[in-house]
Structure formats: structure tokens, C-alpha cells
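Some structures are shown below for you to check.
Two complexes come next, and they have one chain in common, chain A, joined by chain B in the first and chain C in the second.
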Partner chain A sequence: MRDKVSRRTIFAFIGPAVVALAAIGIVPLLYAGWTSLHFFNLTKLKKVKFIGLENYWDVLTDEVFWQAMGRTFFLLGTALPLQIGLGMVIALVLHQPGLTVLKTLARLSLVLPMATTYAVVGLLGQVMFNQKFGVVNQLMGGADINWIGDSTNAFAMIIFWDVWQWTPFVALVLLAGLTMVPDEVEEAARLETKSRWTVLRFVQLPFLLPGLVAVLILRTADTLKLFDMVFTLTRGGPGASTEFISLMIQRVGFRGFDQGLASAQAIILLIITIFLAQIYIRVFYKEV
Partner chain B sequence: MTARVQRPLWGQIILLCLILLICVFPFYWMVTTSLKTHIVALQAPPAWIFEPTLQNYREALFEDGVLRTLINSLVIAVCTTMLAVILGVPAAFALARFEFRGKKDLWFWFITNRMVSPIVLALPFFLIARNLGMLDKHITLILIYLTFNLPIVIWIVTDQFRGIPYDLDEAARLEGASQFTIMTKICLPLAMPGVAVSSIFAFIFSWNELMFGLILTRSEAKTAPAMAVSFMEGYNLPYGKIMATSTLIVIPVLIFALLASKQLVRGLTMGAVK
Partner chain C sequence: MKLRTFLASTALTATLATGALADGHGWSLKDAAAPYAGTTVDVVFLLRPGYEAIEAMLPAFEEETGIKINIIKHPYENALGEQVRDFVAGGDLDVALIDLVWIGNFAENDWILPLADVQAKFPDTVDPELDIDDFFPLVLNAFGGWNDTIYGLPVDNYSGLLFYNRCMLEDAGFDGPPATWADLKDVYGPALTGDGKYAYALQSKRNETQSADSFARMIWPFGGSFLDADFKSNLLSEESQAGLQFRQDLMQYMPDGVVAYDHAETVNGFAQGDIAMITEWSAFYSTVVSPDTSAVADCVEIAPEPTGPAGRKPALGGFSMAVASQADEAEQAAAYLFIQWATSKANAREYLERGGVPARQSVYMEDGLEDFKFVPALVESWQDGVPEFRPRFAEWPEITEIVQEWGTKMMLGEVTTEEGAMEIGERMEAVLEEAGYYSGEKPLAQ
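What follows is the complex of A and B.
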């Protein structure tokens, strides 16, 4: 049995981290809460005044806010199935026996996209998808597609880069699940049936489920956070066609200077995030 | 029999090569574009064969000040990583070894930090930093990066401490060792792999970060990603130079990522997948 440790000892160990995280994580949030209850415009700082919940009312009835939210979940809804589908194929290919060298190379190359600086992914997008001298149009047989200046194409381009960067992550998570299946179970199943689908559905899937749920929740959180790559690639444009929720709040707060309204938007985003995180914890961290 | 083995093998080879190609091609294009002169970079259709030059690197590093932003990024990433380890390791030890009230809530709070959008903190942090005259200072970014570095260090190292048999602690306690001695002398050496991996993560996340760098710095403490973005103004974009800067930013993280490739997935899921 573990012996009792005095509260002072516990605090000495955990206190500094808690104080630091509270100072940089909670104090700013309280300040954001205060700002959100005020008319607070960076260009009119003399006119800061308490307006109660007016900012919140404005956000909740603001079409633009909910459109950005809808766009964010639409991106998630289109990119995530692609990532899971392609990731599954990659994981199964890597799980097949043989070709050790080539498989190791492929696995190492999968690490590269997800470590790449998000901002650089956006810059790469600018260069490769340029209408005139981009390599993508060249590889499509000299196509003349305006990727960055057209709303639908720009959205497709964002999906492409999100899929490029995060499919490897999904693939490696699923591969980890596949290696958990005991060899003798998998072999016995293969003797029973020739159908790969049956093996996947009834033998391997149960081992993949925890990973799939983790992917679902982490991709949701990351899509709500998505900023760097889109900012460098399209800045939310053309129009508002790729303006996702974090970009929109940044625009309102720093390009529109309305810190009060942006803070209210941020707090609402935070509430949505915590709601999702609650589910996350309920599902995964039972053991603590 | 051989035919049945051969056919799926070819499919496998093609798929594996395709994975390699798609993952690596953007980097190939980035590096080659960075070696093109401004005129070649703006050629339509793009050139695949050309005479490489290091001119973009020379100009970016020494004339446009990319070198200084890289140093800024390095200083900030190293300091915030060290701070996260110093604060995070004892906290992880407490979470792994001690029983106390509110542990679950504390845990929940640590993990939630991983999920919060940085824009939520960027707004108030900007106002606070402005009021305190802390805009454009290294220390500001070092501190705010703790919001994601500290949780990742705590998460990975707690997991690592849990894996160390408790008997070792007990034996040391019978010898009269304090908890602090047990942590530093017995558990920490065994937990070093976790500390190393979480440090690599903290470094990569800090080095890669753009939004805070963009909002909280102007010139003195400007980070390399923020610098790369500031090239993106006007019509005649210096694509060669932008790609040269991108290459300089990406190379160190790719090396670190390959070093930690086995643990990368585990770290990104914060251990949700064992």
C-alpha cells in the first residue's frame, strides 16, 4: 500500500505547475470573461463600458458566427472520412508481411507531414497550387484551375492539405491497433475465411475502435483550433469561404479590433470545446 | 501458388511507393523551389530542371533577417521546453505516486488545455501583455507556450513514472530517503526516455507555432514562422525566398520527428492509444 504523504509535500511537487498553468491559462480566461461583458474596441479605448451580455446576444444571433462554425464542422465532416478511409488502406498495407525495407521507408515518410510546421504547409500550398506557375496544375496536364481565388476550389485545397497532413496520423494510430491483434487469432480467422472484409470487420475492428474514437475527438479539437495553415494559405478567403472558427475570431479581434465581441465568441468556443473534452475524458481516462 | 503470392505483392509495392511519393513530394518541391532564382521560380509552367543557386538562402538569412528570427525561435523553444520539464516532472511524479483529493479534476484540467483553441487565450493575452509592456518580448512567448507544453510533459512523464515499480520507492523509503530524493535519484533516471520524448514534443510544438508569434511579436522577438508569413505581402511574391525560409524552419523539426518517430503517434494522442 502507498503510504500517506503530507499535503505540504504534495503541494511542493505539484504546486509550481498548477500555479504556472493557472497564471497563464486561467487568469487570461477570466480577463477574457471581463472583456466579453464590455464594449471594448482597440481603436476606441476611451469608450470602454459595461454592456452586460449584449456581446453574447450578438454572437448567438450572428449568422456569420454560425456560418463559420458550420464551415468548421463541414471541413471536419469531409476531411475526416477521407483520412479514416485512406488511413485504413495505408495501415492494412503496412500491416501485411514482407517488404521490410520499403515498409520502414514508407513509415518514416509518414512521420514527415504531421511534424511539418502548419504555416509552412500553407506556404507550400501557395506555391504548389498557384494558377500560373504551380506544379499541381502542371501535373494535371496543364490545367488552368484557379485554386486560391475560387471559393469551392480553395475549400477543396484546404481539405487536400488537411488530408495530406493528418492521414499519416490516422494511419499510424490504426496500424498500432492492428499490431495489437494476437497473431494466432488473426491466422485462425484467415484459415476460416478468404474474405479480408470479414477479418477486418469481426477480428480487427474491435482492436481499432479505441484508436478511431481518439482520432475522432482529436481531429474535432484540432479542426476547432485550425488557424496557421489556413491563415498562410487563404487568410479565410476568397470572401469568407475558408474562414473557420478560429480565423473568424482572430479577424474580429485583431483585424476588426472588436475585442469585446471576439472575447464573447472565444468564450462560446471554449464552452463547446470543454463540452467535447468532457466526452473525451469520459471515454478515455477512466483509469485515473 | 507463387502467382497468388506475387500479385498482391506488386499491389503492395505500388501502394507503398505511392505513400512515399505523396508524403515526400511537397518537401522535394519546397527544396527545389528554394534553389531557384526569382525568375525561374516564376516560370510557367514550372521548371523541373534548372541551375540551382543558394542566392535565396543568402538573401533571406543575412539581408532580410531570417537568421535572427530563427535564433529567436530557437531561444524561445529551448527555454519553454526546459521550463516545462522543470515544472512538469515533479507534478507528474505527484500524479503518479501520491493520492490526494481533486486529483481527477486536476487531471481533467491539464488535459483540457490540449484541446483549447489558442485564439481563446490569444485575445486576453494580447491585452494583458500590452498593458504590462510585454509585447514583442521572448519571455511572453516562452510563458504562453507552457499552456500546451506543460500538459504534454505532465502527460507523458506521468505515464512513464507509473511504469516504474513501486517497490523501488519503498526500498528507498526504508533507507530514509525523502520523496524528493526518490524522484531525482531513483525514478527520474528510469523515466528519462519519457522526459526526452516529451521534450522533443514541446520543442516541435513551440518551434512550429504561428498564431501567438504573429499576435504577440513585432520585430525584436519575431519567430521564424511569423517571418515567413511576412514575406507574403504584395503581388510579386518572392517564392524562392519564402521556400528557402520554409526549408530552414522545417529541417530541424523533421530531424527531431524522425528521431522520435516511434513515439510520435502516442504523443499526439496524449496516450489515448497505447
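What follows is the complex of A and C.
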């Protein structure tokens, strides 16, 4: 088959996609690499100069950067297990036989949080968690909880919204994995044991692993670049309590206008993301 | 820039303007704009009452001149970034909207043209009635001037004012607002706080609100400042620390979570009758006195900000509009005509009545301003303001981020005022050193 298709045809089909990807993804990345090696401040363009790895050194020795990174991983470490746990429960419930119409409705409704724009989620949060007028405090019996102005509560609020928005995604991915289990294998397993845990652990889980790895990689990358929702909800505050790594990079690059330093931060973040993705694939991923 | 230097610069500009138009008796906006009819001027506006006022007045300008004004609206927090990116990229903006702390940045990058240069380049556009001396000197100096040169004409100008709820104060036994910050805390604070009501709220959200409205507002009346004469941090001085500690002590009479309050939350809290006093920009006057947006419209009174041990040092804020150097010649001329018209003496009254705050002295001498209760306090504040309330140099965008972070940490009690001031001071000095202030590369000007 391959012999019958000319190289020109192959290039004609693949070429535009490669060019588009290069223009959208590779060129900006190269440009970021270039700026990261320069003193490059938008308001001081007359002073642009090559400074080698100085920006990288500044980033790696900046405790504020690592504090923001720590905060980001703490968010990942708390929100992601919750999303996987809740997503698994939802997927298993929807995988049960019967109640077809209700399950279809449930699947459709799962899409809604994902379809909501990040920035809108943040604005919703501002209204719903308003200390005086917010519906959350009203639902808690007229509680007087200061959600947005308290460091701990603000962080908890971010975790809540991230779990709300992305648990459905995890549930749908895992549900897709469950449908991959051959019916006869699952039925045979259920005849062998009444333990749902045993069926899940030894029969269903192997089919869930590819999806789970995809969830780990995508959610890790998403959390590391989480910006819109937090920016509109808390803007990184109060203090620095919700200043995650992406907010810090935006602050340095677009409010302090130091594009060189921000590019170095972004490239270090990219390296960390790729490294984590590799770990996930090596540790968890297995072909079924 | 000192007042004397400013006056000299102003006189020079005025002389140039009047000299160029010695025979300009027949000047009219329509004739001056005729060569530029059909030109589109791109300008950034903020989502604030002062800009809605100009927008409402615009049809008259566009009809008379044939110049189209294309308004790009941004919230304040986005306005600097959007403009910087536009100017760096050689974009479409023909008018720069400049906060007083941005002008060093814009001028040093040559993104804006000196007013005198524009007037010399397009002498036929200069209105003989421009009367630049009619602007409040402090306002023109702070908002439109940089390094002895006037770039922009002031528009949407603010002074910090004390908005107070007369009804709440009377119910608590007070017949007027506090004269000093100490009274506000020690006398009015305990009497007006309780049952879900608060004596005072200081907007302190982690953005420019924290550095301008909260942090700076508390250091100046106590004799403090950001920098000393050598451009070293002055935040650990006894006076600055007194102001910052006062802010901490005053928080017991503010709503919980005030550290997350922006202007909207503060003004709304006051307008709903939950907060007895706020110190806010004059621009929010129309919001709190309108029955549509305020439940306490009949109770609102305005006074100058209280005094501290160093006197009355009210917050100073506001903008100027300047002609962008990246615009082509027709756009520059049209932009100048628009700026001149929007800030003109002739339009100041209408601008005021539509919710704007003009910087023209003459309008505040007119009769019939009784409905604008903020006018006496505003005029008094503009006699006494501090131009460098926030340092006006090009490095402010970096420094304000530092102040925002550590200022909110202080308020949250995560660091003491000394620890926070030390952190801000060290980081601020690092920025200034990098910029070349300590090596003599740049003059110690703000």
C-alpha cells in the first residue's frame, strides 16, 4: 500500500500540518528559548542584551519561584487524587447495567463543567463564595466564612473548583476504559468472585491504565499551567497563597514585562512537565 | 519634577501655543479638523465613569470634526499591559492613556510625543483657548509631565477623599467626620463597628489597589515614603513603620477579608450601608450618590482624607492622554484635536455633570456646583497632594508587584511590618540598582 503512494502525496497531506504545528508550537518555543538567554524587558528594549544562562540561574535560585512551584504541586497532589477517586466512583456507577436514559443524561451533564470557560469558573467563584452575598455561605446556614480573603480558604476554594471542573473528564475517560473490558471476561470474573474490588483490581484496572496515564499526563500539564480560573478568582492572593507557577510567570512576563526571565521560568516548567510525563509513562503505562 | 520647574515648562508650552496662534482669532474645531476628517483615532478607555462621560459626549465631536474615535475598553489592571504590547509591536493606538505612575515608562521609551512638539508640528490644530495654566498645577505636573516636559493633558483625575455615611455617624453620636486618622481608629472605629457593620474599609486587594490605595495611603500621612533622597528604601524608617503598623491596628474595624477587597467591593459595601467610611477616589462619587447603585445615596457626604502626624497627604491618582509617536501624521493631528477637546475648559462642565472629574480650575469656580459634594474636598486635596505618592519612574511596574505581594502578606499577619518592609526594600533596591540609579546612569528623579 505504502509503495503505491508517492512521496509527494505524503508530503502534500502531512506537510501543511507539520508547517502549522511548527508555526504555532515550535517557532514560539524557539523564540522563548532565545529571549530566555537575553535581558529582554518590554519596557527597556533599548537595553536588550545576551546574558547567557543568567535568567536560568536567577530562576533556579529564586525562592519565590520554588514556593510557587511547591504550591502548584500541592494543588496537584490534593486535587488530582480527588478527581481520580470521584471520577472512578462515577465511572463505575455509570458502568452498571440498566437505567439507560438516566445514564445518558448523566453522561451529557458531565460535559457541562468541562465546557465552562476557565475564566467564567473564576468569576462564578467570586460570586458564589462572596462572604456576605454568596450562595455557598447561605447554603451553609448563613455561615460567615471568609473564603476569598483568607489564605487557607482561598486555596481550598481553588481545589474545589478544579475538582468540580475536571472530575467529569476523569470519569468519562475511565468510563471509556471500562467499556473496553470484554463482556465475557467481566462476566466470567463475576462468576468467579463476588468481590467487586477483585474484579476492579484484576480485570478492569488493566484496561483503565492507558486512560489513567492519559489523565495523569493531561491533568498534570493542566494544573501546571492553571491560570485563567485563579487569575479571575483570586489573582494569586491573598498574599501569595494562590500564586501558582503560571500566575507567577504571567506576573513576571506581562506585569513586570521581564520577558527574558519569564521565558526561562516557562522553559524550566516545560522541562519539568516533560520529565513528569515520562515518569508516568514508564511507571504506570502498560499495553493491555 | 519640582513645582518651579513645572511652572517654567508650562509657561514655555503656553507661550509656544499662544505664539503659534497669535493670529488665531478665527479658530474653530471644525476648520482645524477639516484636513483630518475621516481619520480614525484609536484610544484605550477604562471601564470607569469618567470614560463613560467622554463616550457620551463623543457624538458631538465626531459630528463636528468628521474624526472617528475608536474606543478600546479595558479594566484598569489590563490597560498598561495592553498598551505596552501595542507600542512595542508598533500597533494601532494613536492616543496613550497614562496613569501617573506609567508616564516615566512611556516617555523614556519615546512612545509618546511632548505636547510642545505636537503643537509645533500641527500649529493649526492648537486651540487658542487651550489655557494650559487653567489645569491644577499639581495634576498637570503629576499626570502629564516627565523630566520638565509636558506630554499629556489630564483626564479622569482623582484625589482620595473620605466618603462617609452621615446617617450612621449621626446615629453613633458624631456630628461630622474624623479630622485625623488617629480619631478614625480610636474614636470612630469602636463606636461604628458591630452587628455586621464596620467603621471603615481600606481596599487592599493584591493589585495596584494594594500598593496605591492601601500601602501608600498609610505611609505618607505618618511621614513615611517609599524612598529616601538617595533612592534607598525608606520603609523601615520610624514614620513609615508607624503608618504600616497603624494600618494593621485599623484592620479590627474593617470587614474580614478586606485584603481581598478591590474598589468594587469597598464601594458596594459603603453603598449598601455596611461600612460607615471609606477613602476612595473622587471618580466613585457618581456611584455612591446614585439611588440606582446606592442604598445610602441621601446619607453620603464627602470630606478630605483625615490628617496624620505629617499632615494631610491624600492619595493622588488619575490619568493623562498623550499623542502616540507610532501614529501617522494625520492620526497624530486628529489625536491631538481629540485630547484637546476632551480636556478643554469649554467641555469641563459637561464632563463633570456626566460623571467625570476634570482637572480644570475654572470649572470649580462656577456657580451651581452644590450637587457635587466632592468638589470642595477635591480642590483642597489637590492643593496638598504628593506627586510621588507612588514613585513615577519607569521601574514602578516591577516595584508595585513587590509591594502588592508583601503588603498583603503584612495585612494577613504572615510577616510583621518590619519583615515585610525589609523584603520590599531589598527587592525594590535590587530593581533600582539594575536600572542604573545607584551607578549614576539614571538621575534620581521620580
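Please note the rule applied: the second predicted complex is superposed on the first by the 264 of 288 C-alpha atoms of A that agree within 3 Å, B and C clash if a C-alpha of one lies under 4 Å from a C-alpha of the other, contacts with A are read in each partner's own complex, and residues count from 1 in each chain.
The definition used in the following text is that a contact is a pair of C-beta atoms (placed from the backbone, for glycine too) under 8 Å apart; a residue touches a chain by one contact, two chains touch by 3 or more.
Just so it is clear, the model here is predicted, and its values are computed rather than measured.
Contact with both chain B and chain C is seen for A:F254 once the two complexes are overlaid on the shared chain. Contacts of A:G149 after superposition: chain C is touched, whereas chain B is not reached. Contacts of A:V181 after superposition on the shared chain: neither chain B nor chain C is touched. Which of chain B and chain C touches more residues of chain A: that partner is B. Residue contacts after overlaying the shared chain place A:Y118 against chain B, while chain C stays out of touching range. Once the two complexes are laid over each other on the shared chain, residue contacts for A:T234 go to chain C alone; chain B is not touched. Looking at chain A, you'll find residues 132, 254 touch chain B in one structure and chain C in the other.
Of all residues in chain A, only 42-46, 131-132, 144, 146-151, 154, 234-240, 243, 251, 254-258 touch chain C in the complex they form. Contact residues on chain C toward chain A in their complex (touch as defined above): 80-81, 84-85, 88, 105, 109, 205-207, 255-261, 274, 394, 397-398, 401, 405, 408-409, 411-412, 414. For chain A in complex with chain B, the residues that touch the partner chain are 2-3, 5, 7, 9-10, 12-14, 16-18, 20-21, 24-25, 27-29, 31-32, 35, 89-90, 93-94, 96, 98-99, 102-103, 105-120, 123-124, 126-128, 132-135, 137-138, 142, 164, 168-169, 172-173, 176-177, 210-211, 214, 218, 221, 224-225, 227-228, 231-232, 245-246, 249-250, 253-254, 259, 262-263, 266-267, 269-270, 273-274, 276-277, 280-281, 284-285, 288. Residues 8-9, 12-13, 15-17, 19-20, 22-24, 26-27, 29-30, 33, 41-46, 87-88, 90-91, 93-95, 97-100, 103-104, 106-128, 143-144, 146-147, 150-151, 154, 166, 173, 179-180, 183, 204, 207-211, 214-215, 225, 228-229, 232, 237, 239, 242-243, 246, 249-250, 253-254, 256-258, 261, 264-265, 268-269, 272-273 of chain B touch chain A in their complex.
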